[in-house]
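What follows is a group of structures, each given as structure tokens.
Common to both upcoming complexes is subunit A, partnered first by subunit B, then by subunit C.
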Partner chain A sequence: MNKSQLSAREILKEWGIRNFRVIDKQAISEITLGASILATGGGGDPEIGLLWTYKVLDEGKEILMVDPMDVPDEIQTASTACLGAAIVLTEKPPSSDVLSLAMERLETYLGRKIEATIPLECGGVNSPVSYAAAGEMGIPVIDVDGMNRAFPELQMTSWVTHGMHSSPTVSVDNRKNVTVIDTGDDDVLAETLARRAAMAYGGISWIATYPLTGEQMKETSILGSQSIAWAVGRAVMRARQEHLDPIVELLNSLKEERNVEGFRVFRGKIVDINRDFGSETNKGFTLGTVTLDGIDSYKGQTATLDFQNEWLNLRVDGKVLCLPPDLIAILDSETGEPIRTDIMKYGYRGTVVVIPAHERMRTPKGIEMFGPRHFGYDLDYMPVEDLNTAGGGV
Partner chain B sequence: MNKSQLSAREILKEWGIRNFRVIDKQAISEITLGASILATGGGGDPEIGLLWTYKVLDEGKEILMVDPMDVPDEIQTASTACLGAAIVLTEKPPSSDVLSLAMERLETYLGRKIEATIPLECGGVNSPVSYAAAGEMGIPVIDVDGMNRAFPELQMTSWVTHGMHSSPTVSVDNRKNVTVIDTGDDDVLAETLARRAAMAYGGISWIATYPLTGEQMKETSILGSQSIAWAVGRAVMRARQEHLDPIVELLNSLKEERNVEGFRVFRGKIVDINRDFGSETNKGFTLGTVTLDGIDSYKGQTATLDFQNEWLNLRVDGKVLCLPPDLIAILDSETGEPIRTDIMKYGYRGTVVVIPAHERMRTPKGIEMFGPRHFGYDLDYMPVEDLNTAGGGV
Partner chain C sequence: MEEKGQLRVGFDVGGTFTDGVVMQGRNVLSKSKSLTTQDVTGGIVEALDEVLTKSGVNPADVAMVSLGTTHTTNALIERRNLNQVGVFRLGAPATTAIPPLTGWPEDLKEAIGGSELVHIIRGGSEYDGRDIVPLDTKAIENACRSMKGKVNSVAITGVFSPIINDHEEQAAKIVREVLGDDVHITLSHRIATISLLERENSTILNASVISVMQRAVKSLRAAVRERGIDAPLFIVQNDGSVMSADYAVDYPIFTVASGPAASVRGSVYLSGIEDGVVVDIGGTSTDVAYIVNGFPRESSITVTIGGVKTNIRCPDLLSIALGGGTIIKHDGNDVTSLGPESVGYNLVRLGKSFGGPLLTVHDTAVALGKLRQKLDVFKTSFATHPEKIAEVPKPLISAAWARIKTTIEEVIDKMKTTPDPVPAIFIGGGAMVVPKENIVGVSEVLSPDHFEVGGAVGTTIAEIGAYAEGVVDLDIDNRDEAIAQVTEHAKDNAASAGAIRDTVEVIDVEEIPFTYMPGKREKIRIRVKGQVLR
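After this line comes the complex of A and B, so read on.
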């Protein structure tokens, strides 16, 4: 991927785009913080993704983000991401060329150059990784993603629920092993094959996936997903600086940027973590259940959350307060920093917030593909707004 | 793969080759019988491979076999085969275009046309399948393979022990799902990935693998492997027609064609089969142990054989009589038909024959990669000739 340093800028000039945002370290740290909050307990360690992106910036490479609706219909975009159990990633730091390798092999298989990256999901690793790849490849990032949250499986995207497919997907590892997966319209099989490849590699893989044209990207993505993450991250950082309540600022930012209501529903301390990890059985996920005992005004109540990389559902004293695909975050009450499923420990304290999923994730097809029944719950989906009466944001 | 019908002949003309063998139904049935005997209990149902090849011949396509040493150094060859648990294959008959699809995608990934097929192993399915693919693609088959037996794993070839690699391997299924596996020199990982893909497909995959140049093929293959299988099959068929002892004829044919001594070491009846199949645990193999009680002159003795798709070892009254990579066959004493691990049943009677592996399989690297210790036996390899004193052929 030895393109000239300014080629992202040149590409935008070719497309006639004059409005774009230059992503510097401050910007990427805000976007990554917001994305890791929207990652609903998953998405991996932001330190890893951030360090990677900082390195790309330190090398003098530019990272430019553009509005999806400005992008020509006929261009080729693709997503690049980490796929595997986030808990493994902390022990297996990536080499810098895995993303370029995956994207190059995808270009070879497609017989077409990839001209922009589209982030896969909101996550501490996968959000900044998209920017790092864009900077390395000298191409722009588009202000979209496929989830506006994180989800444990590759097919759980607005792209698939709107008729697109992850195939071909290229999966690589640190040792330059390559697996190309092309399952046509069978996105669940692509996930199975990609997950098995990641396990065979040792738990973690780097993928280039969802090759979409500009037109397909516009019609099926979560538009403005990066801006949403950025607004959330900026709000929480401002709260830290100005000693405001980060949870209030977060909920306000969602109201402003998305015009949706999130809810503060619990505050508690982790008293039990039931992990099921490390075996073939869990098929490459971070799996389990966590219990929190209420503190402050929630004293005497108990919250239970299941997780599969991400939080799946929330029950307080047996009452369901959030179901997938709606978002759950456990946040440090002082800093707004998310407590993730892969690093949480007994005794951690946090505030539990629930947030409505993006409307492109709540279609009937979306509820079928990643609603409660898909994850094995014998429950119909109910929007988080209906599960939490007005004023739930205590 | 719509090439003109005579292109295999035209290719040979281009290469200046005037000596070749035309493979008709009689020839392929003899080769397949011999290959299924050399398949050492594995290799799958010859009916499936044969029907496929007959269909190709019935469509008027020519199948031509050439001597490896006549082939130009610079041509591109590749192997095509079935990978998975043979027991699944009987329930999942292939569609006719899986091999062409696999080879086409390999050509795309390589950026090069494949000009000849090289059989992977001796087996009831994989031997004729190479001929069928050649016929369909209008290219010749070369008189080699990578084992001169069957083996359960993709990397267990003379090609790997002589420095070649299975990457890139393309794995496809009946529904046109495609996985390209490129692990460089890590052939064990390629096997792991290919096996996982086969399992994800439902147990069976069709692969195009081991892209070798003509020169590499000559230096690392089992030369004349097809001729050996053909000689064995012809001998056993002649024995059936002329009411001779098929075991004697088989052993004579090995002596004539390979100048090696095989041994008739047991005759018995299957009294116990301990199968471990169908679970994720067995990773896509037909696994287990079988026990035979001796009959005739072996009355009172007990033979035990472990299998992983193929027979792995043979013990008679606790004494080891054959270790991998040497060959074991249990043959119907009247017809010489092999009893396979995937279809054997309680009560089957047969004669057990052991045969020295080809010298290119017995190198130190070969013993390391597929000798007794690789399969978990705490035993050094000893050649079958040393384990069975002269005169073992009762």
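After this line comes the complex of A and C, so read on.
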């Protein structure tokens, strides 16, 4: 499908790389679970992406993942993703060649061969689909992404905050309609156009975006993002098998893989969901607030979370405990399965965990682009570590 | 006759027991409990004879016969007597990355005819009503020719058919023309909602058990008629309402949770509680369900049937390993664990009350003097060896009783959606051997009369449930008009399932917004119920 007739293994051989990881079904399940947890309540249903990846593997295609630092500086990479309405994806899964087509057209536009792909974000949809695409095309996946969480818009990446741009982006659909979006350095306009294209296609688009050289990729990505998701997913799956506390295992895995401290801050039951169709709706997001009543040692306390597809902000008894871009996850206390904003229901019980965003998401530019003030809070960003140690808090 | 209400006969087929009742109004005229037979139908006929004899009613006066059944579930689990299914998906060029039957257990795939009967056809719709591409009718014709003689049931699933069903209907017409009237056709938009793969799985499973249900209905009808009953036959569906037997033959997959749903409905009926929690305590396990407006709350998670993920609507049930026969392990007077092992059937051999070596939940109730009646099921007294119970230290009994109480409180709390106390209905054979006083989170515990045949009673509540869905853009469409339109569809569906059209009323309106999509698009889902008898 790709003009390159090389397999992923042959590409790596050309690059002179001997170390890579072979992604099998177990690996992609773990990566996807971890990514869903890091998706901060968003990112969509993992089912479609996983089944697609399984099928690619069943057909004998290989999926290989490489360390970013092993990637040659001069080669061309691009991110692959699904952009659009999650509910449409569950009804209209793709054909196998959508992302190959997007990549092929991006190659044509760039006049360069693309030799590796990168997931855009950590999410139930967008993590596995990049692996499936890599398998379909016979190119490697690089162990990075642009968020190490999920965010609602295409420009909310470490790439943009470090001076890169999503343009040119190629957006395609199942009928092989192709839209090239090239807005130069206007990444917000690119997002608007990409979303319009998705709507015009019928709610879902498949994109090849953020064309970066190997060197740019290393300087601006969240390095090791895939490994982080993998470690988190592996820890939670192991906890299920060995009947350990999945929350403890998750926090330990973050410490080992990222050397950061996450916090278990609440355990409760959803007692109110207020979905808000207010003035912001024509932006295309589900907004609202969810309230949890504390259980066990948190009895008597109340947690409130705002969401805009992803969880934005957490308050417990009025005290702010997490602000964007730091991560919030509500996890089933027994299984560690993330409770997403699109499927949460009254009565769900879970443990709330907050996790520091990656440092490349916390630069001053990052706080400006996706910090509290961007989402309408009259609050200065404070790192989740400060908010959750004695004396901290707003 | 009129003021007393019409006569209804109901059966609930469970894994172990088949229960039967004859009802008149709210009165149970007779009841029976017998072992479920291998062929299921035999056990029902036996129960029928028993309840008719006991009640002494004139069979000609019976107005309705209904049952909750495991025919479908058993066939799917055992991969037995399944139809050979031709599978059509209308969705190419989209959807091909994940073909039909992906993720199915190999043996089930083979039992329904395998991948060679699967066709992905160009067609299907977008969410806004446009065609993805025009339906490839020629391809359907050709596929049907290739299936001739190999299939006796066909499953058709079109992308976005729950919103726009034209392509599915067109495809059905072609299948009918080429394969003839003897082939059963299942259309996905009549089976389940948005989510293609799960709806397709549900549709294919439905197509695979049509003959099973058809045979069951046929033999039951014959048996009922032989006994002089001239009344319509109804089957309980997953939401606890009933559907006509003819409708059930077309939609057998709607009966997979028939039994538990009937139990919940029976509890509601016998107790008069419309909102609360139902705790069904058996010999080895306890199922907890939540009632909203008299119907079991639906599960929001994927339901797996025979190893296949579906989006069939089923009751939200939480099961724990606690029943009358659950073994209490102890170290001195300390309880070390409550189950999950149970003596089950062997209670009368292994329980201390019967001279056995093991301390069970039943024995703690005996020790505390909670039991008075005989155990009908076992046809014995509740304790044949009271002296063995007297030997058990009192502190151990208290500790065990407290542990059972906490376990029940925890499972109830998990199912509740409000911190306020709610009424609880305790039913099932084990209901008499567990604590019922001062249960935390519960306003009152009810164990209505006849609770041991609650499922059979539940089948006789002559209400039909149905639903319909639509997608609207609130920027363009009028919300009230959209809701009215979907409501009409739901009422039509209830009528075709056997309800009297003008008795149909709305029980729930749900609006689900689309995420990651501009505009005010949302899915409207409306549930209705209607009466079978005037």
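The rule is simple: the second predicted complex is superposed on the first by the 374 of 394 C-alpha atoms of A that agree within 3 Å, B and C clash if a C-alpha of one lies under 4 Å from a C-alpha of the other, contacts with A are read in each partner's own complex, and residues count from 1 in each chain.
One rule holds for everything that comes next: contacts are C-beta pairs under 8 Å (C-beta built on N, C-alpha and C of every residue); 3 or more make two chains touch, one makes a residue touch a chain.
Since this is a predicted model, take the numbers as computed values, not measurements.
Asks: If you stack the two complexes on chain A, which partner ends up touching A:182: first (subunit B), second (subunit C), both, or neither?
Replies: Once the two structures are laid over each other on A, A:182 reaches subunit B alone.
Asks: Looking only at subunit A, is it subunit B or subunit C that touches more of its residues?
Replies: C
Asks: After the superposition on A, what does A:109 contact: first (subunit B), second (subunit C), both or neither?
Replies: Only subunit B; A:109 stays clear of subunit C.
Asks: Just checking: does A:84 make contact with subunit B only, subunit C only, both, or neither of them? Give me first, second, both or neither.
Replies: The second partner, subunit C, only.
Asks: So in the superposed three-chain picture, is A:197 touching just subunit B, just subunit C, both, or none of them (first/second/both/neither)?
Replies: The answer is first: A:197 touches subunit B but not subunit C.
Asks: Taking the stated contact definition, name every residue in subunit A that is touched by subunit B in one complex and by subunit C in the other, in rising order.
Replies: 175-176, 199
Asks: Where on subunit C does subunit A make contact in their complex?
Replies: Checking each residue of subunit C against subunit A gives 91-99, 102-103, 124, 126-128, 130, 132-133, 159-160, 194-197, 300, 414-419, 474-475, 513-521, 523.
Asks: Can you check the complex and tell me which residues of subunit B touch subunit A?
Replies: The contact residues of subunit B facing subunit A are 105, 108-109, 168, 175-184, 186, 189, 192-193, 196-197, 199-201, 280.
Asks: Using the touch definition from the top, list the residues of subunit A that touch subunit C in their complex.
Replies: My answer: residues 44, 47-48, 51-52, 54-55, 83-88, 90-96, 98, 132, 152, 174-176, 195, 198-199, 202-203, 271, 275, 277, 281-286, 293, 309, 341-343, 345-347, 349.
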